[in-house]
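The structures come next, written out as structure tokens.
What follows is a pair of complexes built around chain A, which joins chain B in one and chain C in the other.
On to the complex of A and B.
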């Protein structure tokens, strides 16, 4: 009980817009004090710059650093070794005249491949978590805001018909069309019911039966998703779908939104009862505006934390998938498949294992520490402790 | 309390039903068919494909397939498409290989993370605490496969013991029992340490935060004001309350039984659950994939149910 009170008082006593810049500044000061988290943030920025640079240096038809040039005569050169200029054709000579991270078993420049892989890791992390956070915010917001609103049977029947029809239409367009027509009929009946007063037929009233609430629906969905062993599920889906980086992003994103949903829902449940929401409602604002403009900014703190940590785990998951051979298809380099290719040479060419391994470790660690730093900085109870 | 339990059971059965539907849909709606698995194989004639389809009901509509599959599963008659072996027997065999990994890993996790978490909470803010924090983040962040290779290099080059597989190949049964035992132990050590590493990090952070939470409570202040020694305050008054949530975690480790890490088991060539699932995915052996999925869903639900019950037993405030 004490915990809840403590959480509510700062939010409740604030006139949000006037005080929040100050609160933000104090959070920033607190964050700066946390040296480890600050280092994490700096590494995160460096990684971001490197990944964007890597995209420019290695993409395009005539990249400056070409990660796919095969130089079989130069294979398994250790880091910092210089190329044998006589043995190479003109276009094979690395522009820096040095193999900064060595070469792999096909003589490809590991530095260029690492740069290419940095962009893959970055985009997979951000897009996957972006999808997860989007789904999480929308479902969590709906569950938290409309928690007690019960769906009528007509609605459920209609959405089942639409969803089922879409699935069936995949094989039998005719049955899909029939389902769509039924959905339209249900829609028509529901609208009629709203307009018309007076006595209604029995079958119209069936549609008005109140069933379960939106909150129950969404939270049961979360429960169902949590029953799947996540890495196994991702592996299954990725293995069944054609190999592509977009599939991986989508699959990781669509299997990791449950945490965000729970956080947002919990925040919304407590925010909903606060005065500023009542005030916004009294002003006659639309519910979308109340949710996104008034409540969401107040619920973002825990989302931000779970986002940074989510990016870290998405990068790890992608690396694991690449390692198992289900990642981004070759010749595209990712840190996971550089390591997976290099593991055969672990005693002859340890850099092929250690460079990508340590790179993943540092990036994931920086995201985790950064997330932890935000969590501490935004936690008002730790602030009081000083 | 009875009504709570009954409601919970019904709810979990409904969830299980939907899980079974969703996993069936995922598998069967994905592009590609198991009958196309090996189109280059000359023995795989169209007639054979037809027979295969008939044998495994693949020519029936989807909902019939669903009903037939789960009927077979519940009476234990499901067979693998790959080798016609009964799935449950296969899973049982692999499960008994994964079990020692799971047990040793869990023991390592629980024995290490409690002392770490408690001591770093007591020395909050100090060098030790920050060291442990950083170390646990290191453990969370390190990719499992990379860590595995580092450990393999370390153990192989320092101790000169073989670590891949479940036991040294060719180690005959007439070798002395002690050396055979040590061999098994060495093979068991690395995969279970790896399996435990993430758990240690997460659990010790959780113990630490739980301990910090409790230290600010009024009853701890009271205990201190009574003039108890700090050992008594920490280990008797604070710790007991801090441990409450962990009792419930006994239920939550249940799903780990079948989780067997795919990556670690394939690195160490450990013939466990994770490897079997991975091979089944590669071979599109749908009955095995679906059965593993179903069993793990059952374990997750059972685990939350047990932890609910444990919570009610341990914490009288929860009891309704």
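On to the complex of A and C.
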């Protein structure tokens, strides 16, 4: 029977991976029809390539385009002007023999600085939004799937002891250890509870008291986070933390996950009741597999849209922070601090503000257009019409 | 069917749902069993607890609001209700599989059917990609999907309803379970496709020597596939027996009502017969016969005492003392 089957069915020995992604293709066709979104996508790609190129051209010990070479004799040269080769030392001569975007007040090549800044913007955007989406998906998924599950008092006590203990242990190891021991006792009592049977001791009953649900816990946390004006929250945190690009990424990421959480939760609440989730459980799949493999892909379309728009706003936030002097520390160039440095010379050297400003505008706009385009392309109702 | 050789034996299953502090009893002490290689049908109106019984066997009753309050579900001598979640996961899919009512929504819209069937296999078995693909193709072949190698890459929305239900059957077969629970698998399909799926289930059951627990409200379907049937009303079994006995000589007024309400060529032109009233929405636990308010044969005692099973011979039993006392003598 099996042999027969193999003869009848061509390609029976290939892996399942060879299945063609028809759905993705149809989304792409729909996306291509939207010209503005396509332009956004192209600019997004160009920005990506420029940022990666910029990393290679400006990083390292002896970069091809050095953004930090100071040429005081060549300061505030307008865009497209040629360098005065006689006044420059050999290593100061820009390799392209032209200041494409002019020079700033220290005679640094703005083009090289813009390239360096592009990489910073790209990484800040992607890493920050990556963190936000990861947190958002996990919390939103938990809130949506296990929403009605009520936490017992013992469980909350244990979590508080562990979290509190970890913080205290940083200063007082002894108290931390005591907290850990208490957490273990609570755990032991809880396990005893699970075995069940017989009379229950007083503490067992106390620990069994049902408190609020996971959904309440997570969604009220979201509400609390949304109460803060996020830019000022970021400013405060950045002012307290040492200035570094990684702190900026983490802070932007950890203050912008709430939207994703709400999206994912809302999607999960409706997906949870769908028959295919019950069917997946009937196949014997584990919770983690159902959540992450079966439900998540169904919930991802709105997340993807909010991600592209989130990247744009993260880039904007970083530029804003840099402009205010809280961002990535010098000598690193970012679009925000080029803009900030240039504002003093806005009448003498307008290119110092216009070039980074317009770059930010174009990139943020292209991300937003791209995001809108994806949203339309992934909308199944539009697909049926098209 | 004696209890020792039964594959699945459900005893006194009681399930309630709690909403706004009130309990409504969905299943009220239902007992039934499925033997090896047997096809058993559970028949009843909407809301009589058929689906909840099936979900209880699979351990899929949502809790809260649902709760299995009493009863035992013995599968090969193990009580499924006492198993942990992990142990239950090993049973689901591998030993007991389920085919759902709505093939349109029971498949995940974002994966190809090939992926989904493959997943049903890999949950319980580790196979190389080549062997996996071969097995998926075999399953699609077995459930009668034409050119399975092309259909492998199809998404659920590209298939017809009947084909989707075939895919569901293929997923249920993936790990060669001992028991398949089919919860009204043909309700959402049109009649010709219904017949095809029924024949498919029948032939698979014969070829693979598995048991089938078939849940339906369609008596035509019952007649064509069942070995034994259980008639459920308001959460309990009111009549059970071999399909021939129950169809030819129904011994409970409810079963009689169901059979009489079938459209019949002989009664052409006359209005259809129905059973007056509705299934009670929230079954408290009535002290008397649950069917008494709708029953044409009801007498005074019916209101007082919950009727016990009365034996009509050959395993045919029914919970109606009125019919018993009137007709058994003859």
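The criterion applied here is as follows: the second predicted complex is superposed on the first by the 352 of 386 C-alpha atoms of A that agree within 3 Å, B and C clash if a C-alpha of one lies under 4 Å from a C-alpha of the other, contacts with A are read in each partner's own complex, and residues count from 1 in each chain.
We adopt the following convention: a contact is a pair of C-beta atoms (placed from the backbone, for glycine too) under 8 Å apart; a residue touches a chain by one contact, two chains touch by 3 or more.
Remember, it's a predicted structure, so these values are computed and weren't measured experimentally.
Novice: Is A:275 touching anything from chain B or chain C once the two structures are fitted on A? First, second, both or neither.
Specialist: Only chain C; A:275 stays clear of chain B.
Novice: Have a look at where A:236 lands relative to chain B and chain C in the superposition and call it first, second, both or neither.
Specialist: A:236 contacts chain B only, not chain C.
Novice: With both complexes overlaid on chain A, does A:316 touch chain B (first), chain C (second), both or neither?
Specialist: Only chain B is touched by A:316; chain C is not.
Novice: For A:284 in the superposed arrangement: first (chain B), second (chain C), both or neither?
Specialist: second
Novice: So, does A:181 touch the first partner chain B, the second partner chain C, both, or neither?
Specialist: Neither chain B nor chain C is touched by A:181.
Novice: Using the touch definition from the top, say if A:294 reaches chain B (first), chain C (second), both or neither.
Specialist: Second partner only, chain C.
Novice: Would you mind checking which one, chain B or chain C, touches more residues on chain A?
Specialist: Counting contacted residues of chain A, the larger count belongs to B.
Novice: Using the touch definition from the top, say if A:80 reaches chain B (first), chain C (second), both or neither.
Specialist: neither
Novice: Using the superposition on chain A described above, determine whether A:226 touches chain B (first), chain C (second), both, or neither.
Specialist: In the superposition, A:226 contacts chain B only.
Novice: Which part of chain C faces chain A closely enough to touch in the complex?
Specialist: 58, 60, 64, 89-94, 97-98, 100-102, 105-112, 114-115, 118-120, 123-124, 129-130, 132-134, 136-138, 141, 148-149, 152-155, 158, 168, 171, 174
Novice: Mind pulling up the chain B residues that touch chain A in the complex?
Specialist: Checking each residue of chain B against chain A gives 11, 14-16, 18-19, 22-23, 25-27, 29-32, 130, 133-134, 137-138, 140-146, 149-150, 153, 255, 258-259, 261-263, 266, 277-278, 281-282, 284, 289, 292-293, 296-297, 300-301.
Novice: Can you check the complex and tell me which residues of chain A touch chain C?
Specialist: Within the complex, chain A touches chain C at residues 2, 5-6, 9-17, 19-20, 22-23, 148, 274-276, 278-286, 289, 293-294, 297-298.
Novice: For a test of understanding, state which residues of chain A touch chain B in their complex under the given definition.
Specialist: Checking each residue of chain A against chain B gives 36, 167, 170, 220, 223-224, 226-229, 231-233, 235-237, 239-242, 312, 316, 319-320, 323-324, 336, 339-340, 343, 346-347, 350, 353, 356-358, 360-361, 364-365, 367-369, 372.
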